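Multiple structures are listed underneath, in structure tokens.
In the two complexes that follow, subunit A is the common piece, with subunit B as its partner first and subunit C second.
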Partner chain A sequence: MQDIVKEDDILLEVRNISLSFGGVKALEDVSFDIRKGEVRAIIGPNGAGKSSMLNVINGFYHPQEGQIWFNGQLRNRMKPHQVAKLGIARTFQNIALFKGMSTLDNLMTGRYIKMHSNLFAQMIWKGPAQREEIEHRQKVEEIIDFLKIQSIRKTPVGKLPYGMQKRVELGRALAAESKLLLLDEPMAGMNLEEKEDMCRFVLDVNEQFGTTIALIEHDMGVVMDISNRVVVLDYGKKLADGSPDEVRNNAAVIDAYLGVSHD
Partner chain B sequence: MTPDFLHTIEVILNGLMAGVMYSLVALGFVLIFKASGIFNYAQGVMALFAALTLVGFQTGQVPFSHLINELFGTQIHHWGPGMNNLIAILLTIVVMIVFAWLVEKLVLQHMVNQEPIILFMATIGLAFFMEGLGDLMWGADIKTLDVGIPSGGSFWWEDVTRTWVSEGYDYYGMYIDLLDVYATGIAVLLVTILTLFSQFTKTGRALRAVADDHQAALTVGISLRTIWVIVWSIAGIVALVAGIMWGSKSGVQFSLSLIALKALPVLILGGFTSIPGAIIGGLIIGVGEKLFEFWIGPLVGGATENWFAYVLALFFLMFRPQGLFGERIIERV
Partner chain C sequence: MFYRESGDFKTSYIQDQQIFPILQDRVFVIAVIAFAFLVVPFLINDYWEKSVLLPVLIWSLAAIGLNILTGYCGQVSLGTGGFMAVGAYASYKFTTAFPELNMFIIVLLSGGVTAMVGVLFGLPSLRIKGFYLAVATLASQFFLIWLFNKVPWFYNYSASGQINAPERFVAGIAVTGPNAPPWATYLFCLILVVVLALIAKNLTRGRFGRSWMAIRDMDIAAEIIGVAPLKAKLSAFSISSFYIGIAGALFFLVYLGAVEPTEAFGIDKSFLVLFMIIIGGLGSILGSFIGAAFMFLMPVLIKNILVNGLGWSTDIVAHLIFMIVGGLIMFFLIVEPHGLAQLWRVTKEKLRLWPFPH
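On to the complex of A and B.
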């Protein structure tokens, strides 16, 4: 246990996580770590427990057993908004945006944890609160430029096509300038061109901003291309863990994907 | 213009201003409903409670004096001559914020993820509790409330409108109560401030975010509980404004809590999740009620204002259940 804490290149570690819903075991004794600055892929067949794992990390689900270490510290049971303040941002498999709000407002809301003016200052508006708004607005505009979504700045995101919504959701997560970014199938349901764009963005975020990324993805080509290490889940259990090459040649993994079909 | 036509305009104007009151109460409902999916039955009682507290502060009443006198055989009623209007209003706002915090702490916090119907019943309980508490703290007698808003007919408006009538008619001018005019001005100001706040501040955006999607709001670091306290506080302040308006006009009395019932048809018209809907719905009910009474009332023996709003709401329920502007009503109620 001690040696892990000393290793300061590990950003997040989950240890022996078990999570069940009634009789369904979504995760069983799963452990892995995420190193600072890497792109870590989480893969596995449908229902393997990938999203559940992100929900555990992000505080939506609370595992019955196991520990979560973040930045070398054992984390207590936390609510999602507290986890966000720690520096963990995420996107969702089925997109959770503020549909009635504009792209700009969605991204500004993404900066919530970065803004500190109190309620009273906000009501006065002039002064600190206004300065803060302008400053954060600038940061948001940078992200908008980065993701090339200038043309939809004022559009209510509920009206945007699916691919664009995925991009805005990424933007909102980026706006928090978090240490760890959890992406749940950011490319699912996209056409080839959109997928390539999204891949580019993920890599750029990782390289330019040095953000650590954990990514769930079904497209093996994408996974092999952009990730440093891959963890494979199947039926809630960890099946394999290693470099993309190691994982690709792992017999158990090949079985899980090609062998017995899951339901 | 003929006197008849001018009469109609007068009725419409008065209806609009009566509608402002309905709009305000409905606004309080919508704010809470959007943020937490709770239909807050206590909104009307909150207006009553706020008005009672305001009068209590203003006149220097000792809270719970009946209880204290009963228990200790004392004879205290007032601690002093009362206080300045502004200070009394600010103190009442503080009380409403404390109340919001207590509601979150003692009720909502323990009921997250409950069925909407359970939450609704909790607010019914809350309504009865507050009514009793208001009674116990400030007494059950009808109180006059005067915060210095001018009232009475506007002579200026009467003079102006008298000149509008065509040659050869007798016309005395329109009657408009100054109190209504000021009340409307205050309501417009309140809504404008709320709108600006929600559009251009961090917390305002957080309020909209929570109203839009709880899961997403949590993910960006917004604490639902903090937002609920803020929303209930705002609803409390809106209730105070409604309470002041109503109380200045008809005295502060327990029938004020029944205004909540009038808000129901307003919400059915405007939709439970739309703030513009609440405002426009309130105005439509206000005008509709007065016009109906003016035109149809005499034919059916009057007193149509008691039921018009509900019948109108019934028609809406049959033909446009989501209201004029509402969305997602079926999923959430």
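On to the complex of A and C.
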């Protein structure tokens, strides 16, 4: 995988990102890229800055220094809802579903940026609003079938078990049909069977829909299995970047994971 | 049991998206609306008009308005009374300035003015949430009432400081003023309430409603799927205020006829409407009607039974009513935040599966 990459193969690139909260340096001069169509893993010990990196990418945090390039263009400072329109979707480490709504409504809400009927059409309902609703309902039903969550379609998501909530959250992110999908520990807290299902879904999304995926994951087995390339963060700095095998055999990475002192 | 969904399968998304997906519900609601339009106008008298029908219709409209903001979008407001006052004073200025203007247009324009004021007072919601937002809306309540008391332009420099609804006609029939026949005032309100309730239902089940609920349930997740908080919150504030403003205009023009702002639109009204949506059901249009009817009629009923029937003293009964309302509010907040509407839904679900609950 070390061959030379053409510029337009890169979907997203972060360059020299530094982010700090008061005295805490969450990210320090971190650079890496995500190629079109790959599964890119971001790993590192607790507090390494992985989630902060995703928050920078989708506009929740604004780094003090550095640049973000998306699709070959330097991105200006953007709000999260503007980033969504660029085609970046994500899930959260702690489930962030719309608890009061059903599975179906969560997924329909995920298509917000794809729907355009105006206030007046919405008031009348019959006509454009209803047509749009049905068109998008069909798309959402495809995702429901894909994730095999037909039976919980109308269930309020607050009542679902943890593993199912994670799956619905993936569904909501998929509903946006984004170019880049950011997954923050999609398998955390799951049992083996649920993890296997989730791995399958991630790979299928990547292969069938061609979606580029960046995921944070602690389970090294999973990371080795499903990712094309891995970037390792530790104490806010990039420690290593390369194929799963390279990373696994990297001395610095082994030290970081075994907790060897940093000097 | 006839209350069955069995055999009533949905074969298209259109069927699944109906307001009342169950056939029996649909028939029942259509029957109620037909009765309200075709039968009630012939039976109505002064008592039913003033003591039951008009107030329930108008409070339902205010409750729908607050429910859009609080129940659907999650922004607590204690400014309902103040926004109703905006609607009332706007309608007063419009009717006196343009005596020839159609009353429906006057009422809708008053809602429009209130919507703009609502957006203005909704701006703090972009920065503050929950309790602090409630306090900010409380401040707007007091500010607005103060304004209408203080600035003579609003009450056309009348000596009493009150505003009085002039007599106005729709198709030659008076709908405001002392000579308006009960059936006319009732139909005037009914038409507005039915149409506006339908529009509210449409808005809340579509793209806009989902963006409000997304902000209510998890605002950061709403943002990452592309909902702009500014747009969602301010649209909720403006549409909510539109409804509340129309309720205020009707309350003044059709129901009270003469208004003194502190008394008619005080903070107690803000709480009244809030209690209506808590008891009726947060995030439910049907619940807004149930809550308004319940909160307005329950005290009347209890008073009728205990004071007129059993001869209890009025102040004991008044205290009793306070206690009952307080108890109910606590019950619903703790046990069933989706209110009476949800209790009804659960009962229906049980009935649908009866006699085989599993």
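In this section, the second predicted complex is superposed on the first by the 254 of 263 C-alpha atoms of A that agree within 3 Å, B and C clash if a C-alpha of one lies under 4 Å from a C-alpha of the other, contacts with A are read in each partner's own complex, and residues count from 1 in each chain.
Methods note: a contact is a pair of C-beta atoms (placed from the backbone, for glycine too) under 8 Å apart; a residue touches a chain by one contact, two chains touch by 3 or more.
Computed from a prediction, not measured in an experiment: that's the story for all the values here.
> Quick check on the subunit A-based superposition: subunit B and subunit C, clash or fit?
They clash: once the shared chain is superposed, the two partners overlap in space.
> Answer with first, second, both or neither: which of subunit B and subunit C does A:E177 touch in the superposed model?
Neither: A:E177 stays clear of subunit B and subunit C.
> Tell me the contact category for A:D197 with respect to subunit B and subunit C: first, second, both or neither.
After superposition on chain A, A:D197 lies in contact with neither partner.
> Have a look at where A:E38 lands relative to subunit B and subunit C in the superposition and call it first, second, both or neither.
neither
> Looking at A:E28, would you say it contacts subunit B, subunit C, both, or neither? Reply first, second, both or neither.
neither
> Looking at the overlay, what does A:E133 touch: subunit B (first), subunit C (second), both, or neither?
A:E133: touches subunit B and subunit C.
> Please indicate which partner A:I124 is in contact with in the superposed arrangement: first for subunit B, second for subunit C, both, or neither.
second
> First (subunit B), second (subunit C), both or neither: which does A:D219 touch?
Neither: A:D219 stays clear of subunit B and subunit C.
> Considering 24-32, 294-302 or 348-356, which region of subunit C has C-alpha atoms that clash with subunit B after the structures are aligned on chain A?
Looking at 24-32, 294-302 or 348-356, the stretch of subunit C that collides with subunit B is 294-302.
> Which residues form the common part of the subunit A surface touched by subunit B and by subunit C?
Residues 58, 60, 79-81, 84-85, 89-90, 92, 96-101, 105, 108-110, 112-113, 115, 117, 119, 122-123, 125, 129, 132-133, 172, 176, which sit in both footprints.
> Report the residues of subunit B in contact with subunit A in the complex, numbered from low to high.
Residues of subunit B touching subunit A: 196-197, 200-206, 208-209, 212-213, 215-224, 230.
> Which positions of subunit A touch subunit B when the two form their complex?
58, 60, 79-81, 84-85, 89-90, 92, 96-101, 105, 108-110, 112-113, 115, 117, 119, 122-123, 125, 129, 132-133, 172, 176
> Name, in rising order, each residue of subunit A that touches subunit C in their complex.
58, 60, 79-81, 83-85, 89-90, 92, 96-101, 105, 108-110, 112-113, 115, 117, 119, 122-125, 129-130, 132-134, 137-138, 172, 176
> Can you name the residues of subunit C that touch subunit A in the complex?
13-14, 17, 199, 202-203, 205-208, 210-211, 213-214, 216-218, 220-229, 235, 283
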